[in-house]
Amino acid sequence: MYSFLNDYSEGAHPQILEALNQTNLIQTVGYGKDEYCHLAQKVIKERIHNEQADVHFLVGGTQTNMLMISYALKHYQAVIACDEGHIQVHETGAVEGAGHKILTRPHVHGKVTCQMIEDICQQHTDEHMVQPRMVYISQTTELGTYYTRDELKALYEVTRKYDLYLFLDGARLGSALVLPDAPTLEEIAQYVDAFYIGGTKMGALFGEALVIIHDDLKPQFRYHMKNKGAMLAKGRLLGIQFYELFKDHLYEDIGLHENRMADMIRQALIKKGIPLYEPSATNQIFVDLPQNALEAIEKEFMVTHMGAIPGGERVRIVTSWATSQEAVLSFVSLIENL
Amino acid sequence: MYSFLNDYSEGAHPQILEALNQTNLIQTVGYGKDEYCHLAQKVIKERIHNEQADVHFLVGGTQTNMLMISYALKHYQAVIACDEGHIQVHETGAVEGAGHKILTRPHVHGKVTCQMIEDICQQHTDEHMVQPRMVYISQTTELGTYYTRDELKALYEVTRKYDLYLFLDGARLGSALVLPDAPTLEEIAQYVDAFYIGGTKMGALFGEALVIIHDDLKPQFRYHMKNKGAMLAKGRLLGIQFYELFKDHLYEDIGLHENRMADMIRQALIKKGIPLYEPSATNQIFVDLPQNALEAIEKEFMVTHMGAIPGGERVRIVTSWATSQEAVLSFVSLIENL
Amino acid sequence: MYSFLNDYSEGAHPQILEALNQTNLIQTVGYGKDEYCHLAQKVIKERIHNEQADVHFLVGGTQTNMLMISYALKHYQAVIACDEGHIQVHETGAVEGAGHKILTRPHVHGKVTCQMIEDICQQHTDEHMVQPRMVYISQTTELGTYYTRDELKALYEVTRKYDLYLFLDGARLGSALVLPDAPTLEEIAQYVDAFYIGGTKMGALFGEALVIIHDDLKPQFRYHMKNKGAMLAKGRLLGIQFYELFKDHLYEDIGLHENRMADMIRQALIKKGIPLYEPSATNQIFVDLPQNALEAIEKEFMVTHMGAIPGGERVRIVTSWATSQEAVLSFVSLIENL
Amino acid sequence: MYSFLNDYSEGAHPQILEALNQTNLIQTVGYGKDEYCHLAQKVIKERIHNEQADVHFLVGGTQTNMLMISYALKHYQAVIACDEGHIQVHETGAVEGAGHKILTRPHVHGKVTCQMIEDICQQHTDEHMVQPRMVYISQTTELGTYYTRDELKALYEVTRKYDLYLFLDGARLGSALVLPDAPTLEEIAQYVDAFYIGGTKMGALFGEALVIIHDDLKPQFRYHMKNKGAMLAKGRLLGIQFYELFKDHLYEDIGLHENRMADMIRQALIKKGIPLYEPSATNQIFVDLPQNALEAIEKEFMVTHMGAIPGGERVRIVTSWATSQEAVLSFVSLIENL
């Protein structure tokens, strides 16, 4: 059985693993103050053309979201997200567990819109209600869609109007970075106050690089990390991995590969007349499968069930850095022969 | 200007104030271990026919909700409410500030329904999502409606099915207690795991009596109160007030008075053909006022604006223990002459 | 049995109770935005000659300490106190419950010293340790001693050196304010960043007036109060009481009375050769009583046991606004006749 | 410069790294539900002869301590530790950040004693004080000492007397496991309620295995992990590493190696007449170095400064799985030739 369940089914991209092997016996200081972390911070800051940014390496996505949001907000302040936002649905209440409310509105193609932000801000003007103070978005979204550079810029502007921080969760950022109308890394850094570059779902063993742009979000962030149990002793492991990902565009190469694999699957489904649920261009495909198609697929492939639909099931298919063209061709052939 | 803004515009019911005056110089021990608190606990437990219940006296409603919910839940557990629930909208994120998510669905006449609970529980079965563990309702609701005894019993049963605590916020409980198809105090105590009897909005200077029925919610609750800064030094003040409210049915008398005052206003509005927004039988009236009616009223009375409607404004009118029949007759006369 | 157990055994000073009676039926807005709160804020700001200060009225001392400390600190920051500090010993972990460590050193006559602060700050310079950010002191202390104006000024200076906020808990402030070498209210406001004026132990039914001097501690504090369940619906009750306490020096009169009552007891004990444990000039007396003296006293008076000593018991005797000269004379006579 | 700064200066033990390489392309499910985690859980449960234990894999020590303590305690409850405990000094307030007070007493050779626990419990019997509910110890301690099996058993018994959980932090457990009078893994599992087996400081890239013995500490712990951002997506990485450490006693082999390296250094120091600060038998050496010795050492080796002493400096020297005999011999020779 070949798994299309997610993009963290395997270990690390071979180039990353090789770097971990090569550096294994070198002695460094701990907690992210080593030369590999410095190198990785340097290449990321060069890529965004912002020497003043702070870059911190963390282990996982929920941890990173919770840390950034809880640093930015007081307990009487809230973060705005859409109802399908990862922090709202799939983090077991981590943001609320840290003491902060999430204000939501129904998503539009998986995304937060300027209108939602306007509405929420206009309705929360009273000291008996939480005060909106941050907007959380993810690139790509939970439905595989993405924000264009114009959409991001518009969100940035509305957050300026209401004195909100804009925070972008980039767990799957690589898949969007390589799309022509999506914002580049440098553009993202211009239009958000903080964002993270996902490693776990982009070929690293683990790790996320949190990039903080807004000066108010920077002071003593490392204390905050330690206080929440999020400072890795062998911090070098994160530096080594992110240096590999960014020293020569491995990150974008992985994004291109996974999108290309996903496109082959998408084309086969469309050609067969099977409707995509939320048409996407990234490495996540949401599709409404008739029961017979589902059964045929699940003889050879694992896919994620999202819920029953009339006559079948909505499923998610995910490609990754490790997805083999062989597996994809085999899947495509199966679809063609349904 | 006469205020119909809320039910906490004045001090205390004269009988309560008199009791505070009479006992002022008597020495007692502190922190709610005095004889007045014991007397008040005794009369409340007699009224619900449950000697095993624990009764704690707290100062305010948000405090009481936050204390009970944070005691009952782990941080990975959530409380279910409707989207208009007081804890969801009007407590400045107190529940989330204490570390707990609120799961909501759109209200039905201001109320939580069994179907909402079923839906939420069936969608939250995965360790990446919060675990529903409590249902929060209020009697009366934020829209002035109330749960009938059958509705409460049905909610109780669905909470048993999903292993949820049922918690009732009775900030305005007196207004419902005197309605024939609403549950009595004894019935409430049978069909919830914890509830509070509001004092602040029912004629006390301040204070809420939290009644804990479920044994798992009882141990060391006083430590929890102290830890959250919610244990009043001169706890006697709460005991004295609740003893007055419950030793001779003053609580119900106040409920009857405020409903009677509200009924007179409701009749006048209906007779005049002005539509009630959410028809109610309690001390809160929500009504869609044409602009001219609003303007005429606001020359003499203060009412709460709830939001613009075509051609006017939705407003809330609230009666209380202190609402004078004179003021109500004057208001009624104004409506008749519109 | 007459109680010298504490200074919150009775209700309110008659003048305060009278004001509550007089204003009972006047309608006001809620949540501390009424005219009585404004009046009380005005007289307090006049007394400290600081129009820029913010004054908030809260219900109790633990609540006030927890609110101010949790507003001022991030979770990786700590508050410095002595090992006998109220927040360290007698608040059931409220400060830690809100997420903040207390760093302590052994007290010197119940007080924090400059040397303690220096030591702690010099030992906490590493991101694996909490960062000291505030100093907590109380006037008077848990042992009935007090900070002189010179001591307070010295603490202020050391807190400037290490970028620490200085916060003064004035639960029993009135007893110190009337001593000649203790800082006046105006001086306190010059040498701290925030302090509270105790009402509960100084003749109010309940209530503490938090005075915030440092601009960084002011923004949106009312949201923080509401989020922690600490905003009283009938906020007027606090305004009315503090206006009475400060419009004509009732606060200082109460301090003088309780100190005078305590002095009479102190003189009798000293004359009898019974050693005071921590000599004080305020309304708390700590004394090491021989067993026979304890037994004789406890036939007529209640005192607080602090722990066994060889041949007897250390006890605390507290006077208050309500302590009658008659009771004190009777106690003195008992001591003389031991 | 060769580093004796700590036991996490290098990557992973070669056998562990090899296992990560070998399994890299195998697809597994995420979040610790894969077959490698199951294997690792199985071998650990066999080693402690307790099939009912729960084993969870976490990323770091501070995270593990904070998770276990915050799961076990309510906010009004406290954990007992000694003043040198890792949670008290070196975790940037993580335990308090999660809402819990640490009650401390001065250490005895780096350890908690039964007497400390008795004292603390007898002094905390009042609802105005936190309630002791857990004891935290570490094996080995912050001073390189360790609890014998008799000492552990005695602590276990006193915790039973006062209804306290006993929790053992085993960040450096391997160094103690191989000492004859220290408790074995099986004995530890008999005499504590929860403990963790350190990986980060024992040859893993990262990771700690939390073993929960007491049934009350088990339910829904994985929800708690996720809520705190502590559930690793590629959980397999932890399973693979702990399986290598425990399938064939690699863990104990590493402990033996690091102790043997430390012994050689200790012997050289003692022979030279340089006093060990806290004599130990484990991989941490604390020694009071004269200034000339320190200077000579620091031309070739890095050691941790613990604080000035008359005429020199107290330093810590740490050996690890990666410490080479060559480096140790060179260090020994340097000491002999001082």
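Of note:
Think of it as A, B, C and D in the order they're written, each chain with its own count starting at 1.
Basically, a contact is a pair of C-beta atoms (placed from the backbone, for glycine too) under 8 Å apart; a residue touches a chain by one contact, two chains touch by 3 or more.
It should be emphasised that the depicted structure is a prediction, and the values quoted were computed from it without experimental measurement.
Pairs A-B and A-D differ in how many C-beta pairs touch across them, and the larger number is found at A-D.
Ranking every chain by how far its Cα centroid lies from the centroid of subunit B, the top place goes to D.
In whole angstrom, the spacing between the mean C-alpha positions of subunit B and subunit D is 51.
Note: centroid distance subunit A to subunit B, computed from Cα atoms, is 42 Å. With each centre defined as the average position of its C-alpha atoms, the distance from subunit A to subunit D rounds to 34 Å. Annotation for subunit C: residues 75-77, 91-93, 97, 127-128, 130, 223, 226-228 touch two or more other chains.
Within the complex formed with subunit C, the subunit B residues making contact are 2-3, 5-6, 8-12, 14, 17, 20-21, 23-30, 59-67, 91-94, 97, 200-201, 205-206, 223, 226-234, 236-237, 322. On subunit D, the positions that touch subunit C within their shared complex are 75-78, 89-93, 96-102, 127-130.
Taken together, the subunit A residues at the contact with subunit C in this complex read 31, 71, 74-77, 127-128, 130-131, 220, 222-224, 226-228.
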